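In this document, chain identifiers A, B, C and D correspond to the written order of the chains, with residue numbering beginning at 1 in each.
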Amino acid sequence: MNKWTKPAAAIAAVALVAGCGSGTGTGTGGSGTGAVKASNDLVIGRTVAVDGMSGDSCYGAGSISTMPMIYGNLLTNKPDGSGVQPGIAASYDYDATARTYTFHLREDAGFSNGSPVTGADVAFSFEQWRDGKTSGAYYDMIKSAEATDAHTVVVHLTRADTFLPALLTWCTSTVYPDRYAGMTPEQFFAKPIGAGPFTFASWQNPGPSETITLKKNPHYYDAAKGQPSIDTVVVKTSADASQQMLAFQGGQLDLIEGLTADEGNQLTTEQARIPKPSQARDLMLNSKRPALADVNLRKAISAAIDRNALASVQQGYVVPAEGILPINVPNSVPPTEPYTYDLAAAKALMAQRADQKPVTLTLGFEGSSSTVKTMVQLIRDQLAQIGVEVTLKPSDSATVYSQGSSGDFDMLISDPSAISPTVFDPISFVLTAWYPWTGADTALMKDKFTVGTSSTDDAVKDAAVRAIQDDARAQSTVIGLVNMSTAFAVADYVEGFTATPFLSYDAAAIRIRIRTGS
Amino acid sequence: MVALVQVPGRRRVRRGSGSAPLLTGAVLLALLLAASFAAGPLTGHDPALTDLTARFRPPTAEHWFGTDQLGRDVFARVLVAAGTDLPLALLGAVIPALIGIVLGALAGYARGWLGTAVMRLADLIQAFPSYILLIVLVFLLGPGGGSFLVGAAVGAWVTYARLVRGVVLRLRELDYVRAAQAAGLGHTRVLLRHVLPNALPQAVVYAASDIVLALSYLAALSYLGLGIQAPGIEWGQMIAEGQPFLRNQWWVSVMPGLAIILVGVAVRLIAGGLERRLQR
Amino acid sequence: MTTLLRISDLVLETGSAEAPLRPVSHVGFEVSHGEAFGLVGESGSGKSLTLRAVTGLLPEGVRQAGGTLELERDGVLRPYRFAEARGRGIGMIFQEPMTALNPTMRVGDLVTAGPRARYGWSRGTARSRALDLLAEVGMPDPKAQARMWPHQLSGGLRQRVMIAMALATEPSVLLCDEPTTALDVAVQDQILRLLHRIRVERGLAIVFVTHDLGVVRRLCDRVAVMYAGQVVETGRVDDVFTRPTHPYSAGLLRSMPTPDTPRDRPLAAIPGGQPGAGERPEGCRFAPRCAHALPACAGLEHALAPVLGSPSRSACLRVADLGGPPLDRKALIV
Amino acid sequence: MTGRGRFRFVGKRLLQAIPLTLVLLLLVFAMLKVVPGDPALQVAGPRASAATLEAIRVHLGLDQPVWLQFVHYLGRVVTGDLGTTATGSTKVSTLIASGTPVTLVLLAVSTVFTVLIAGATALLAARRPDGLADRLINVVAAFGVGVPTFWLGIVLLAGVALPTGAFPIGGWGDTPATVLRAAVLPALALSVSVAPVLMASLRSGIVEARRSEYHAAAQAAGVRGWTLTRRFVLRNAAVPPVSLLAALTTLLLSGAVVVESTFGLPGLGLSLTQAAQNRDFNVIQGLTLVFSLAVVAVNLVGDVLVALLDPRVEV
C-alpha cells in the first residue's frame, strides 16, 4: 500500500466538499398553482442599470421602473395605459386660460424618514425638475410653483399645456423633501429619501451589474391598505438576459423586467405577461454623416427594411411599425402613408443618390438583448440587398445614449417608448433627443408638439400627430421599425402584478404567496 | 498568450514514433479545414442563409446540428467557422513563435544593449496578463481578426525568445559551435543547424499550447463581441448568439463549443506526436 | 556473538513479469551484533541493490521476488516489516550526501525528522537531541550548524549530518552505501574514523557496501564478494584477503589499488567485463572471464559451499583443486 | 539564507521592480496619446463650447509639454485619480475599488480550487507514473486546457446552477456566505483550465521528489506518513510550481476576465470587458494599470517565495 493514498484522498474529499457548497435558492421556483416562496422578498432582474438616483438624469428603462418605487409621483399611470390616476396628488384642477394647475395632496403621504409630504416639498420638487440640467427642457412651461397650504400646490405655466399630467407620471417627476431634507444634493442622492412605497437601502456596484436593495416604506400613502405588501425589493442588473432567464427558471428571480420574445418563449403563458405593444423601436440615421446627408439613401434604407420579417422572429411580442411613434397610446395615429417594403423602389432610390460611392455604415445598438441582436442581423442582411454594407456595433444602454447624444454614430437603434398615457410623451423624446442627434429639422415637430399639448381637443391632437408622422417619413432621419411589447416574467407565487404598457408598474400592489408555518 | 513551461501531454515521451496520434490529429484538422471551404455543398445548406420559417429545428438528418434563431444551418455554420478559427489560431501561435525565435536569437548572440533591450521588452510584455493585453490592443485597434493577430503576436513571442536565447547562450560556449563559427558559418547557419534543432521540441510544445490558448482567446473575444464580427462566422460568436436558447435549443451554442474542444484535442495529438518524433 | 541480521536467498527482479531480469539472485549473508561486514564488488554487481533491499527502499521498477530478511528482536531472528525496521533497528547512510539530504530543510530539523515523525518528539526534545547527535558525529559547532541548510555545508560535514540522521532512531545495524566514495581522500579518512568510533561506542553492527577493498580491509570483520548479482565468496576478512578461494576474489585483490594508483582504474588483472543483468551466462557467471574455467563450469551453477581447509565459503567449482598460493601480502598494504 | 539576507533580497527585488513600474506607467500613459479623440471633449461632453473645451484643456494640462503631462499623470495616479467613466457617472477609482474585492475573492477561491484539484490529481497521478490513473488524468487535463472557459461557464450555469439551485445564477453576494457561494461555479470554470498546468508541474515535482535520494534517506531514517509527504515531497515539489506562480496568475487573471463576464460578476474583469465593448477609454487605462501592477507584484512575491522554499536559490 502506497503512502500517497491517504493525503490524496483527503484532499480530494476537501475539494468535493468545497465544490458542492450548500444552501438552496431563495425561491421554490416551481411551476403550477400553489407555488410559494420562503420569504416576503421580491427579487427583480433586469438588463438595464439605473441612470443614477436623481430624477433629472432618468431616461432608461431601469430608472423608469425604479424611480417611482422610491420617490412616488404626484400622478401615476392607469394600469391599462388609458390615462392618469391619483398618486401623491389626490386630485388636480386645470385652468387653461389662467395657465395654472392646482394639486391637492393626500394627507397620508409620507417620506421614508417619517415626515409627511407637504406642499412645500412638492413646490421645491417642481423647481428642481424645471432647473434640471438633463431633463429640465421637458418642464420649460413651468413658471413657478407655490404651496398655498400644507396640502395644496399651485403651478403657474408660461403657456397652456395639457401634457403636464402625463409628464408628472414620468420617472423625472420625482417628489423630493423640501431642500433635500437639509442635505446637499450629493448627500441626498447617495442615500435618497422618497415618498414611494419603498425606501432606498443600498446600491452596490453601480453600473451594468448593480444590485439595488429597497425596504418597505412604512409611511407610504397606501400603508393603511396594507401596501406595499412586500418587505424587501432587490433589483439585480446583469447585461446577460439569458442568464437572468436561467435565474428566473431556477427560482432565483421573481420578476424580470424587459422580457423579450426569445426569453418569453421559454416560459409558460402564465409566467410571461405581455401588455399591448406600445414601445416603438426606431432606427436613427445620422444625416450629419456625408453619405446619410442624402435623403435618397435614408429613404432607400427605409424601403429596404422588411418590417414583417423583423416582427416575425418575435411573434406575439412585436408588430411591424407604420410610423415612428408607438401605437396603442392615446392620440397615436399612423402617418398618412404607412411604411411599405419595396426593394425595387429602394434600389431606384439608391440609384438617385448624388454620390454613387459604395455605402458602409455602422449600426449601433444595445447588445444585451438577443432579440435586438437578431433584429440587427436581419437589417444587415436586408440592407445588403441594396448594396449598403452594415457593421454591427453593440454596446450597453448608457453608451448607446452617449453615442447618440454626441453624434458618434451612423445608424442607431433606439426605442422612443411611451412611458405615460399620451403620444406626446414619445414625441417629446424625439423632439429633444432623436431629432437633434440625427440632425433632423425640428421646426415642424416643435410647432405641432406645442399645438397638440396646448389643446384639449382630440381631433386637434390627432392632426398634429399625423403631421409629425408624415414629416418624419419625409425626412427619414428617424425610421420606425417595429412596435413591441415590453413584457414581464412573473413567478407563479407573485400576485397582484399588472403589466402596464409603459415600463413602470405598481410595485406596491405586488404580493408574494409565502410559505406559512414551518 | 503565454506558453507555459509544463503542459499536460508533454512530459511523457513514450517509445514509438508518435505517428498514430500525429496522423489522427492532422487528419482531423485537415478534414475540418477542408470542410470549412465546402460547407455549403457538403451540408446542402448555405451557412449565411436566414430562413425565418425554419427557426430552431432540432438536429435531424436534414440539419445535423439543427438550425438557429434565424433558421440557419448550425452544422454548416460550425464548419464555415472552422475556416475562421483554425487559421487565426494557427497564425496566432506561429507568428509570435517566429518573432520570438528571431528576437531570442538576436538577444542570445548580441550581447550588450540589444540583447538587454530585447529581454527588458520581454519583461515588460510579461507584466500584462495575455488576455488583458489582447483586450487592450483590440480596444486600441478595433475589433477583428487583424487586431487579434497583433495582440497574439505582441503577447506570445516572449516565451519563444527566452527559450531560444537560453539555448543560444548555452550553445555558444560549446566547442562545436565555436568551431562552426570559426569555420566561417554565419549566425543564421549556426542558428538553423545547431540552435533550432535544440529548441524545436520545446517550441513545438509551446506552440501547441499556444494554438489552443489562442483559439480559446479568440473565441472568448468573439463571445464578448470584441473579436470576429458578424457577418463573419466564428465559434465563440455562435456560442454567444445561442446562449439565450441554451435550455430549449441547446444545439445552437453547444455544437460550436464541442468544435472548439475537438480542435484542442486534435492539436494536442499532433503536438504529442511531433514531440516524440523530434526527440528521437 | 549472536546473529543480528540475516538475509537469505534474496532475489531482485526488474523488467516485465513475463521475462524478468535478475540484478540480484539468491544472495544471502549474516551480520552479528557489533560486527562490521563488508559487501564488495564492482559497480553493477548488485551490492547496492542488495543493501537497498534490506531497508525496502528499492528504486522504482525493481522488486523483491524472493528471499527472507530477518532481524533479531528479543533474542530471536524474525522476519521484519520495513517500515518498522527503518525506525528501529536498521539505519542507512547514502553515497551522495549532497542528494540524500533534503535541500529544503535545515540540518537540525533533518537530523531528527525520523524520530519526530515516529515518536512524536516535541520540538524542544528534537532540538536538544539534534544538537547531541551533531556533536556526536563531530560537527564543530552544532548549534550554528543545526540552523544551516545542507547546501551550505562541505561534503564531509554533510556526510556527518547523514550519519547523525541515521543514528537518530538508535539503530542496531547501520547500512553504509559507499559512504566515502563522493568525498576527498582526507575527508574519507575522517568519516571512516568516525564510523569506527561510533561502532565501538554504540556497539553497532555495520554493513559496508563498497568497491574499495582498502576500506573493507581496514574496517570490517567479515566480507562477502559479489559478482554479477551473486555472492561468490564470503569469509573473514583476514582469510579472504590472504587466501581468496574464488578466482574472481583473487583477481579483485590483485587489481586492488595501492595508494598511488588512480581510483577508477579498470580491473586490469581480469580480462573482459562484468556481464549485465540480461547477458549472464549459464552456470558460473565468472566462467567466461576465468583463466581456470572448465567446460563443466559453464553448465553448473555452483552454490556457496564450505572450502576444505579454509573458514571461507566459495562458489567456485574448482576451489578444491585450485587452492592456490597465498597472495603477495604487499598488495594488501593500504 | 539568513533573515537579513532575505530582507535584502526582497529589497533588491523591490528596487528592480521600480523601473519596470515606471515604464508600465509610461506605456499606459502613452495609450492616451494613441487613442483617437479629444480627451477634453470626453470630459466636457459633446455640447461644450470651444471656450469650455479650451478651459478644460488648460485644466487638464493638455497645453503643456508631454513630459510634464506624464509627471502630472503620475501625480494623479499616485493620488488615485484615474478620471471618470465615459458617461461621467462614476469615478474609475470607485469602479476599481468596488471591483477589486470581487476579483480578489474570485482569484482566491479559484486558487484554492486549482491547488486542490491540481494537488489531488498530481498526487494520484504520481502514485504510479505512466499508470492507468496517470494516463487518465493526463487525458482529462488535456481536455481541461482545451475547453473554453466561457463555454464551460454557460454549461455550468445551465447544467449545475439551474437544476441544483445551490448557486446563484449570475451575480454576486453581499454576505461572506453568499459571496463564497457565488464564487464557487465561476472559480470552478476558471480552475478547470488552469489546474492542468499546475497539475503537470506538481506531478513531475512529486515524481522527482519521490525518486530522490533524500526521500529514500528520509525513509531509511524512519520518516514516514504525512511528515514524509509534507516535508520531503510536497515541500520540494512546490518549488517548480511556485516558480510558475507568475505565469499561473496571469493565466488566472486572463481567465477571470472571461469568467466574470460569463457569470456577471461585478469585478475588474467585467468592467474591463464592458469598457472595451463601450470603448470607455479611462476605464481601460485605469484597469490596465491595475492589472499590470498586480502582475509585477505577483512576480515579486513569486521570486521571494521561491527563495523561501528553496534555500539554494541564489540571493
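Operating definition for what follows: a residue touches a chain if its C-beta (ideal position, glycine included) is under 8 Å from a C-beta of that chain, and two chains touch if they have at least 3 such contacts.
Bear in mind the structure is a predicted one, so any value in this text is a computation, not a measurement.
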Core chain by centroid distance, with centroids computed from Cα atoms only: D
Pair exhibiting more inter-chain C-beta contacts, C-D or A-D: A-D
Centroid distance [mean C-alpha coordinates] between chain D and chain C, Å: 53
Chain A-chain D separation of Cα centroids, rounded to whole Å: 38
Interchain centroid distance [CA atoms averaged], chain B/chain C, Å: 55
Gap in Å, rounded to a whole number, between the CA centres of chain B and chain A: 44
For chain B, residues that touch 2 or more chains besides their own: 225, 243, 246-247
Contacts with 2+ other chains: residues of chain D: 158, 162, 224-225, 228, 277, 279
Every chain pair in contact, whichever chains are involved: A-B, A-D, B-D, C-D
Contact footprint of chain A on chain D as seen in their complex: 41, 45-47, 85-87, 89-90, 95, 98-99, 102, 112-113, 116-117, 119-120, 123-124, 126-127, 157-158, 161-162, 165-172, 174, 177, 180-181, 184, 188, 224-226, 228-229, 263-266, 270-271, 274, 277-280
Chain A residues touching chain D - in the complex, by the definition given at the top: 2-8, 11-12, 14-15, 18-25, 29, 51-52, 204-211, 236, 238-240, 243-244, 246-247, 249-252, 367, 394-396, 398-399, 401-402, 405-407
Residue numbers on chain A that touch chain B, as the complex places them: 240-242, 245-246, 249, 262-263, 265-266, 309, 312-313, 367, 370, 373-374, 377-378, 380-381, 391-392, 394
Residues of chain C defined as touching chain D within the complex: 52, 55, 57, 59-60, 83, 86-88, 90-92, 94, 96, 99-105, 109, 113-118, 149, 151, 162, 165-166, 168-169, 175
List of chain B residues in touch with chain D within their complex: 2, 4-12, 14, 123-124, 126-132, 135-136, 138-140, 209, 212, 215-217, 219-220, 223-226, 236, 239, 243, 246-247, 250, 253-254, 257, 260-261, 263-265, 267-268
